[in-house]
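As written, the chains take the letters A, B and C, and residue 1 is the first residue of each chain.
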Amino acid sequence: MTRLEILVAAAAVAFVIAIPLFGSEYLVGFVFTTFLFVGMAYGWNLISGYTAYVSFGQVSFFGIGAYTVAILVTKLSFEWPLAVLVGAVAAAALAVPLGWAMLRLRGPYFALGMLGFVQVLQMVASAWTRLTNGGEGIYLPPAGSLRALYFGSAFLVAVGIAATSSIDRSAFGLRLRSIGEDEIAAEAMGVDTTRAKLLAFVIASAFPAVAGGLYAFRLSYVDPASAFPGSYEVQVILMAIFGGAGTVFGPLVGGVLLSTLGEALWARFAELHLFLFGLIIVVVLRYMPEGLIPRLRRLAASAAASGRKAAAR
Amino acid sequence: MVGGVYGLMSLGINLVWGVMGVVNLAHGDFIIAAGFLTFWLFARYHLNPLVALPVGVAMGFVLGALTQKFLLGKVPQDRGAVKTSLLMTFGVSYILINAAQLLFGSEFQTVMFLPGSWHVAGLDFAKSRTIAFLMASAVSLALWAFLRFTFAGRAIRAVSQSVDGASVCGIDIPRTRIVSFGIGSALASAAGALLVMIFAISPAMGNGYTIRSFAVTVIGGLGSFPGALLGAVILGMSEVFAGYLASAQIANGIAFLLFLLVLLARPQGLFGRKPS
Amino acid sequence: MTPLLEIRDVSKSFDGLRALSHVSFAVPHGKIVSVIGPNGAGKTTLFNVIAGAIQPSSGEVLFEGMSLKGLGPSRTARLGIGRTFQIVRPFPGLTTLDNVAVAALGKERTRSAARIFAREVLELTHLAPFAQIEARNLTLARRKRLEVARAIALRPRVILLDEVMAGLNPAEVDQTIELVRTLRSLGIAAVAGIEHVMQAVQKISDFVVVLNFGQKVVEGAPAEVMRHPEVVKAYLGSRYAGAGA
């Protein structure tokens, strides 16, 4: 890492630690929620940003994480960090057969399939009352310390950045990208697309699961509606796209910017906020589909090129 | 009976997907939005839903055409096009849901237009369902006639078969696409207007109906109108049976399960062409 | 000695349309075989079958004596059969270097090792100056060359070249002929599907197989095959068949 990068990283860590030490409860809560979204955006980015398999079903894993934590804590007296980890494992375990079935479907079918799967899970959560209390939901004991949850969410983001960064530079990342560029050509070049896609899908499932588990604790309550919030799917996807799908810092930048924007909007336009998010998605896709970071890079590159041209004259 | 309305939903999908290769994730939301509009006209102005139907259809057509003209039509047709248009329609879906929630509230609503049933030959036909079915059939026939006999209709069919061939014949491709998407949304709206007479709907159900519309299309096979109608009947009946045997909640998931099964086992459905 | 690639009685029908009908021939190690025939003769279908992209309706393809039945394109690529596409399919958003590196990942473990090997392949195929350019910005001739470079990076035993010279001007065709000859010096066999760039056929082929309407019409040395009345008829019509060469 360069000296500048180390400096930036240190500043970021200092900032993250400073928040709970000096910030209000409201601020800590806000950053916590932002981190959850950023973490989920990293998950989405891994599967949909690199391989171009657009998934609308990340909330399914969110809900699995939430319910796993709720059940383990209330029925088996687990400590919450362990419960959250088990939630992630449960999501990954489900992701294996789910991914195997879904990833054979091409682009739009995959999207539809994942969209539908969320509905199915919601239905299962409502119906399997012995396990989940159905519509009544499960009440969790209070989390104790918001600070602890906050650090949990910060850890999620850190893992997201680390994982994405390492994958981005690896052979695996190159394979994923080739699938996203042209899956048929990738196969003809010897890439085992089934395995690569599945691995990305499974890794990607862990992120929303952890977020769901932490969220369940924060809310102290889990029911089918709150565990599978469709609006979260929209926001997460928007954050990843806005920042730049398939980049390492896109989800972070997009997440922070949009979360702040959302908070400001929500204070003033509470009912409109989904409408506005939908509108922003559409506008971003129309005018800046590659996302903020790639667009900034391109601007920088062409500015540099015209700077060189000017200097040469 | 409900199958008729499902068939109508699927026709919209067939048109948009078959002609333009676009998967409109907002389809279910067009359905719901139109349903709510119909409800509102009925509750506020006591407008007969059958008269309100054309209003809903017109709204659907306009919104759909605008979406295609300003949004989907501007997506560069490269390899990212599928992903971008999927995400765009996803965004549109949220715009529609929220708009409907704002205008009409989040409650379940329905239109009690014709309660009671007719008794014919020892069987009970719920009046509202029968009317819905008949209207759905009428609209389907009108669509068929449109595609067969009008210039615009034939242009649409030409484009669905060969974009280059159609443009060589002088057909205005972007305009044809705008009209197609508009009609697709109009069909969804018609379905929604009829649906609200039969069931209670709420804005959150948009996704469920998107799935159902696609399920019907996939079961019947993309590109085949008789397939769509057959698929609609299959789905409708499966839901009813599932409702009896298991519970109402399971019935919701049936559409998804069938969708998945068909895609994995026989992707072209009953009569369709192989998906490209 | 077992031929490298053996196409044995392969037939393929699509919903009743017979694309290939009992085609058989063999490709020896390190040789270049041209498969020629008019448009629609079945060349691309044949390549898709060999590469594993589609399965034959009957018959089989043997690679070094082993049947390729049921193996998909990524498996056959890793076994040693490379291919190019008639309508080129580069990875548009990746650089030229990375395009080739993807293929190199078959045999290299890390991305950096793959990139090192990819650079060598780019040198070999005269694409090194374009290493950092995104593939979508390359001219057609360079993209075709990139297709071949990618296939070479697989370290294959044989490459299927589907219409690799179509759409090129004469200078570019000559460059491609040189490229194909380079393959031979690398010990890589090639099956080249060619519709109409006939002078190339004479210059590169060790022998020629002619397809028409999905059937093999004749096979043999380039000069004889080109004079064969059936071949002339297939390309120019029966009026010319009796005219001789």
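Here is the rule we go by: contacts are C-beta pairs under 8 Å (C-beta built on N, C-alpha and C of every residue); 3 or more make two chains touch, one makes a residue touch a chain.
Keep in mind the model is a prediction, meaning the values are calculated, not measured.
Q: Which chain pair has the highest count of C-beta pairs that touch?
A: The chain pair sharing the largest number of C-beta contacts is A-B.
Q: Work out the mean Cα position per chain and let me know which chain is farthest from subunit A.
A: Relative to subunit A, the chain with the farthest C-alpha centre is C.
Q: Could you put a whole-Å number on the gap between the CA centroids of subunit A and subunit B?
A: Going by mean C-alpha positions, subunit A sits 31 Å from subunit B.
Q: With chain centres defined as C-alpha means, what is the inter-centre distance between subunit B and subunit C in Å?
A: Roughly 46 Å separates the two chain centres.
Q: Identify all positions of subunit A at which a residue touches two or more other chains, and write them in rising order.
A: 181-182
Q: Any chance you could list the residues of subunit C touching two or more other chains?
A: 92
Q: Do you know which subunit B residues sit against two or more other chains?
A: Expected reply: 79.
Q: For the complex, give me every residue of subunit A touching subunit C.
A: Touching subunit C from subunit A are residues 169-171, 173-175, 177-178, 181-182, 184-193.
Q: Using the touch rule from the top, collect the residues of subunit C that touch subunit A in their complex.
A: 51, 53, 72-74, 77-78, 83, 85, 89-94, 98, 101-103, 105-106, 108-111, 114, 150, 154
Q: Which residues, counting only subunit A, touch subunit B once they are in their complex?
A: Residue list for subunit A touching subunit B: 48, 52, 54, 56, 101, 104-109, 111-113, 115-120, 123, 126-127, 181-182, 230-231, 234, 237-238, 241, 271-272, 274-275, 277-282, 285-286, 289.
Q: Which residues of subunit B touch subunit A in the complex?
A: 23, 25, 70-71, 74-75, 79-80, 82-84, 86-88, 90-99, 101-102, 204, 207-208, 210-211, 214, 247, 249-250, 252-253, 255-257, 259-260, 263-264, 275
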